[in-house]
Amino acid sequence: MNTGDTAWVLTSTALVLFMTPGLALFYGGMVRAKNILAMLMQNFFAMGIVAVLWVFVGYSLAFGGLGNGGFIGNFDFVGLKGMGSETFGSIPALLFVAFQLTFAVITPALITGAIADRMRFAAWVGFIGLWSILVYLPVAHWIFAGGWLAERGALDFAGGAVVHVNAGAAALVLCIILKARRGWPREAMPPHSLPLTMLGTGILWFGWFGFNAGSALAANGVAAQAFINTFVAASAGMLSWLVVERLKAGHATTLGAASGAVAGLVAITPCAGFVGAVPSIIIGAAAGAVCYLAIQLKFRFKYDDSLDVVAVHLVGGLLGSILLGLFADASVNSAGKDGVFYGGGWSLFGEQVLAVAVVFAFSAVVTAAIAYGLKAVLPGGIRVSEEDEAVGLDLTQHSEVGYSLERV
Amino acid sequence: MNTGDTAWVLTSTALVLFMTPGLALFYGGMVRAKNILAMLMQNFFAMGIVAVLWVFVGYSLAFGGLGNGGFIGNFDFVGLKGMGSETFGSIPALLFVAFQLTFAVITPALITGAIADRMRFAAWVGFIGLWSILVYLPVAHWIFAGGWLAERGALDFAGGAVVHVNAGAAALVLCIILKARRGWPREAMPPHSLPLTMLGTGILWFGWFGFNAGSALAANGVAAQAFINTFVAASAGMLSWLVVERLKAGHATTLGAASGAVAGLVAITPCAGFVGAVPSIIIGAAAGAVCYLAIQLKFRFKYDDSLDVVAVHLVGGLLGSILLGLFADASVNSAGKDGVFYGGGWSLFGEQVLAVAVVFAFSAVVTAAIAYGLKAVLPGGIRVSEEDEAVGLDLTQHSEVGYSLERV
Amino acid sequence: MNTGDTAWVLTSTALVLFMTPGLALFYGGMVRAKNILAMLMQNFFAMGIVAVLWVFVGYSLAFGGLGNGGFIGNFDFVGLKGMGSETFGSIPALLFVAFQLTFAVITPALITGAIADRMRFAAWVGFIGLWSILVYLPVAHWIFAGGWLAERGALDFAGGAVVHVNAGAAALVLCIILKARRGWPREAMPPHSLPLTMLGTGILWFGWFGFNAGSALAANGVAAQAFINTFVAASAGMLSWLVVERLKAGHATTLGAASGAVAGLVAITPCAGFVGAVPSIIIGAAAGAVCYLAIQLKFRFKYDDSLDVVAVHLVGGLLGSILLGLFADASVNSAGKDGVFYGGGWSLFGEQVLAVAVVFAFSAVVTAAIAYGLKAVLPGGIRVSEEDEAVGLDLTQHSEVGYSLERV
Amino acid sequence: MQLIVAIIKPFKLDDVKEAVKDLGVQGLTVSDVQGFGRQRGHTEVYRGAEYTVDFVPKVRIEILADDGDVERVVSKLLEVARTGKIGDGKVWTVPIGDAWRIRTGESGPDAL
Amino acid sequence: MQLIVAIIKPFKLDDVKEAVKDLGVQGLTVSDVQGFGRQRGHTEVYRGAEYTVDFVPKVRIEILADDGDVERVVSKLLEVARTGKIGDGKVWTVPIGDAWRIRTGESGPDAL
Amino acid sequence: MQLIVAIIKPFKLDDVKEAVKDLGVQGLTVSDVQGFGRQRGHTEVYRGAEYTVDFVPKVRIEILADDGDVERVVSKLLEVARTGKIGDGKVWTVPIGDAWRIRTGESGPDAL
């Protein structure tokens, strides 16, 4: 066991856990004041339910049978029994469990942005429990735990596919099934507090260093490369989003700066430990521009992806995973491969396209199954009534009000 | 000296320092807008005064004469002289000083939740100075520095008794002496900004990894165990609080999710490095339910523990410290012992009960003495006048206003 | 390469990156609600543009030709080529690049406080790009990269001169060129959200441990000394500011506590790894009092340093750098020297005075040149029109509104 | 001239504004208010303690109108702001002494 | 019918609402306002710079009442809202042309 | 007695308050409102989607005044609140039945 590696992964695990409250504030600032608590609650609840599932069955099903090239793990580590004195590489096994847990928490949380303002909390409780087990665990096994996709040669350093494409696909399906918010897109629904969104962006960027550089599972050169790549990709994403926004909408906006940075962070996630700094700038810049343009998809195809999870996370994750097929550079990380631009030919590119296609399809299908299943089972269905939507989810789902600012 | 251990404790110290601003926001969101700054100021002021006292006399009185089984330290380390090149275990001695300082800062800060909206700032300045020296230093010596309670065999991994029972007892006494807020409990005093409270919860959960896993003073297996235990106890606390709340009050609330997570974090604090992951879920779940029910105590016994410091921190700290007597498992940590369920018999259980009883009694008595002493000495007493309370503490104590949001 | 050192510098780099969003919120809370987004955007934009410049040319010009005692680096590391497998001391070279990048980001961001509410965003984009290259890179080379000032013997552990005096001088010049805000100082412009400023203070204090203790570039005794020094200097700064404020203005204020802490942090920055704990309290206390009094300068000399960047960062940086000449203690850090009080005579003191004078002059002159250059080049000039200033920069520069809190 | 005052449900504001605009009304002034009436408020729960909040968010519209237009504007308001559910609100008219447009100093109907 | 308008101290709102409810008043409309009068505002200090704020938070209540009830309601308002300290506020009545209930279109006293 | 109501541009509030104070007016009540009129609102852009916001922030001032003072106060309001640009606002007067000072119960002009 290496204390330096353990220190960095302990820190990274805390950083990635902090990203879920950051995501809650990032999305929370963008919804209307009458729905702020419902958005915060859906994200914080993920920190509750997923951890307990993870200890009992989640970790074992995802990471049991490591490298078995299979579809799912096993029950060797139910209740994490016997893992107290084990190590995983140069870090304690229990630390690896905690690190991977933080990824399992934030992935379903990402979905909440697409389904803002209209899902019953009871339905969300059922959905996130089922989704974590039926969708996240298999996909995590395929790629993170040497399952069949990893064995075929697909690369995903920190979760471009496992986290972002996976959540993006589920977000697309669920926001369609839940139908649009009443009044969308005609009625103006401006963010109720952009400072809250900017605070969330700061926490996400801060935590993302743990997300990407922590995935090196060591305090080494690859971690340093992943760190600088993460930094400059976010910066490049911000700049390119602002340039495109300035040209097309006439103004560089604060929400644009935040969105571009997140798009850059999403796209570099699969590539962080496999590419160099300048390619990271290119990947980030591409994401900033492409994700901005992808926002128009929801107006074009009439689906209310309320806070643009599809445009930023699905498109950003797809773009990053596929660009990795071009820019991967084995000289950066021996555990990686060479992409098209580094003489590695098109094999990696093909595996990347296959991997994201499979993850997208699997997540979309099983998400639909879960959603329609819940719709049938839950008496009140999964969508709030029109009256409740008008009054707001804070009051109707949680009988709370977000702000009471009058100084009386 | 081990650079990996040092890196993790450097990080943990920063994380625990960050918990005090987190606590300020956690409590700040729950008070009315006319008292937000007074609550923030009482917590931030702790970061000022306690650090200076700590360097001159605090550290030496708490950790001087380490392991002397006594009542208090000595004056060997006044002004931290000579500690520059020393080490403490595998980390620099000055780092241990800083790490313990962050615990000395947040303990008195916890009291502010019980005495919201009615204590004069001048009185708080006097109180926190005296309390840190007369209450915190001795209790820290008894348990953290091998004082008489530690020598008897009581276990407290990260401060269940030293921090939470200690602060909870003081909170109970001081909120009674200060009498209830005008209009309590009849008048509605809803939280002015629950998003601020949720932000505080995110920072507390993030920082608590440093609080508990940092107390291993090393980047090792025990730190990893403490980390995962802290995570799942918070999650279990959230879930059980929400279940009980749903059944008794009809709604799962956002404030409930935050409160349950904190209750779980408080209860696992004494146990973090001495128990396994599944016992941590049990301890967290117990805390979530018991602390929710403990809130009724203040209505039953008519004391205005405004933000439930007694229900969450006193009861949570007592519960955690006592459950440790049952669930302690020496196979997890050789420095620990076996509890009742692990064949260790009832000796540890007895010591735990004794320890929390002694800490509760000592803190309650000395807190009362300090409060009545200040009441006699300070011309204006320690409570704000009825007019000042009606206008609000921000204006009357600090001549400031928290928010000026109109866009004029 | 040492994994423990690498773990701590990875963490420190993330902490210092987090300080820029912290600074944005610290300043953001102090401006009026109609200008909140413009302040956040100017700071977040620094995280975008500086990183990209840094990878291509910034790092190389600042840290190329390390120790050449010269005026500027070279083009050896353009695009960070070939740095993948290099080390810098006991950490990966790319990590050193990222760590120094975070300093290059926050330095120009500090300037935004002085020019609040009146600079066109397009002008800020041009200014920060040019300033980073023409002012920051040379100054960083002189002191951080063994340039001519470092060679002469000036000490600056974490950027007292390179960051705070440098930014403070630029802030003074730019706020004068931009002229005062309409209505200053007669019209009341109270902070729109002091809780936001307190959140920013908490993040800055948390991140500053990475800023100062990270500059040891290792997880060793010097890092521990820098850590405790940073902690107690902030505490002492808070206490002394509050005492002076209580005496002169009649009230200890929340904004005062925050400002004093930041003043202490600024002053200890150059000294952190070269002095002991008690001297750090003295330096912090001096900064708290001196910076409070320095606020009157802007009323005396009629320049609208809107959020007191001159009073806190310029004066605090000057004070810290000069006091280092008195309190430097080689027994604390062999890489340091002895100041006047430790038998080192006045040579270090002289070099410190020279260094800050040179940095002040250079930054002031080049900043003026950039500002007037932009004024000539940009069609609309660098200042917003009087109408736009009245409507607010959020709407006119970014066509956004910060808050929409009505629950409709 | 008269002042027409209407207390309506917040989400009806856009429809009402468009409707009176089409009637030729040059302007109106709006403010957030809290209403108390037959329509019940709601209950909020914080840590098990229940608070009933009797007030319901409403929007208050003020329209200066010439005598000749009052009747048309009032009936259009009644028509558009109606949901048929409790809490739709009230409309009332107040006689005006005189009115002026600050920019030009014009008074009487020209002030509209 | 008349409109009764009262400007009162914020913490008196609940007492006033309960009092007029007991008098049989069916509803009222409330809004946050800022008052300026004999009652002095306060001083705020930010980094040594003092600002006097002349305005004091008040609450504005509007009650549509039938002529017969106006006198009883006004005297109850005066009684309950009084603290005897400066800044208690004002009450005034305004004659009403007509009033309507949006939900049903009823006018006159039935609209209350 | 009459009630003078003015809708003005927010940044004019301080000047208006000082001006009427100098005329001997003892007090006034102010509230934040949103205005709609000839002065166009603004456009907000969030992720490429444009929203036009028709309402412009204004401030509403209410001054109870004795008949004799109304004319002087109104003309001072018109003079001070004017910028000459669109959106300066409106002033109007409303006849008052009676008025009372809550603290003392005084009615009529003494209530001012």
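We just call them A, B, C, D, E and F in the order they show up, numbering each chain from 1.
FYI, contacts are C-beta pairs under 8 Å (C-beta built on N, C-alpha and C of every residue); 3 or more make two chains touch, one makes a residue touch a chain.
What you see is a predicted model; the values in this text were computed from it and never measured.
Annotation of chain C and chain D: jointly contacted by A, B, E, F, touch as defined at the top. The minimum number of touch steps separating chain B from chain C is 1. Chain pairs D-F and C-E differ in how many C-beta pairs they share in contact, with the greater number at D-F. Taking each chain's centre as the average of its CA atoms, chain A and chain D sit 45 Å apart. Averaged C-alpha coordinates give centres for chain D and chain E that are 18 Å from one another.
Distance between chain centres (mean CA atoms), chain A to chain E: 51 Å. Among the residues of chain A, those touching two or more other chains are numbered 2-5, 7-8, 11, 190-191, 193, 199, 203, 219, 250-251, 253, 255, 399-401, 403, 405-408. Across the assembly, chain F contributes residues 11, 31-32, 44-46, 53, 94-95 that each touch 2 or more other chains.
The touching residues of chain F, when paired with chain C in their complex, are 11, 14, 42-46, 53.
Against chain F, the residues of chain D that register as touching in their complex are 1, 3, 17, 26-31, 64, 94-103, 105, 111. The touching residues of chain B, when paired with chain C in their complex, are 1-8, 10-11, 13-14, 17-18, 20-22, 24-25, 28, 36-37, 40-41, 44-45, 47-52, 55, 79-80, 84-85, 91-95, 97-98, 101, 121, 193, 196, 199, 203, 219, 394, 397-408. Within the complex formed with chain F, the chain C residues making contact are 187, 390-391, 395, 399-401.
The touching residues of chain A, when paired with chain F in their complex, are 185, 188, 190-191, 245, 248-251, 253, 255-256, 259, 292, 295-296, 299, 308.
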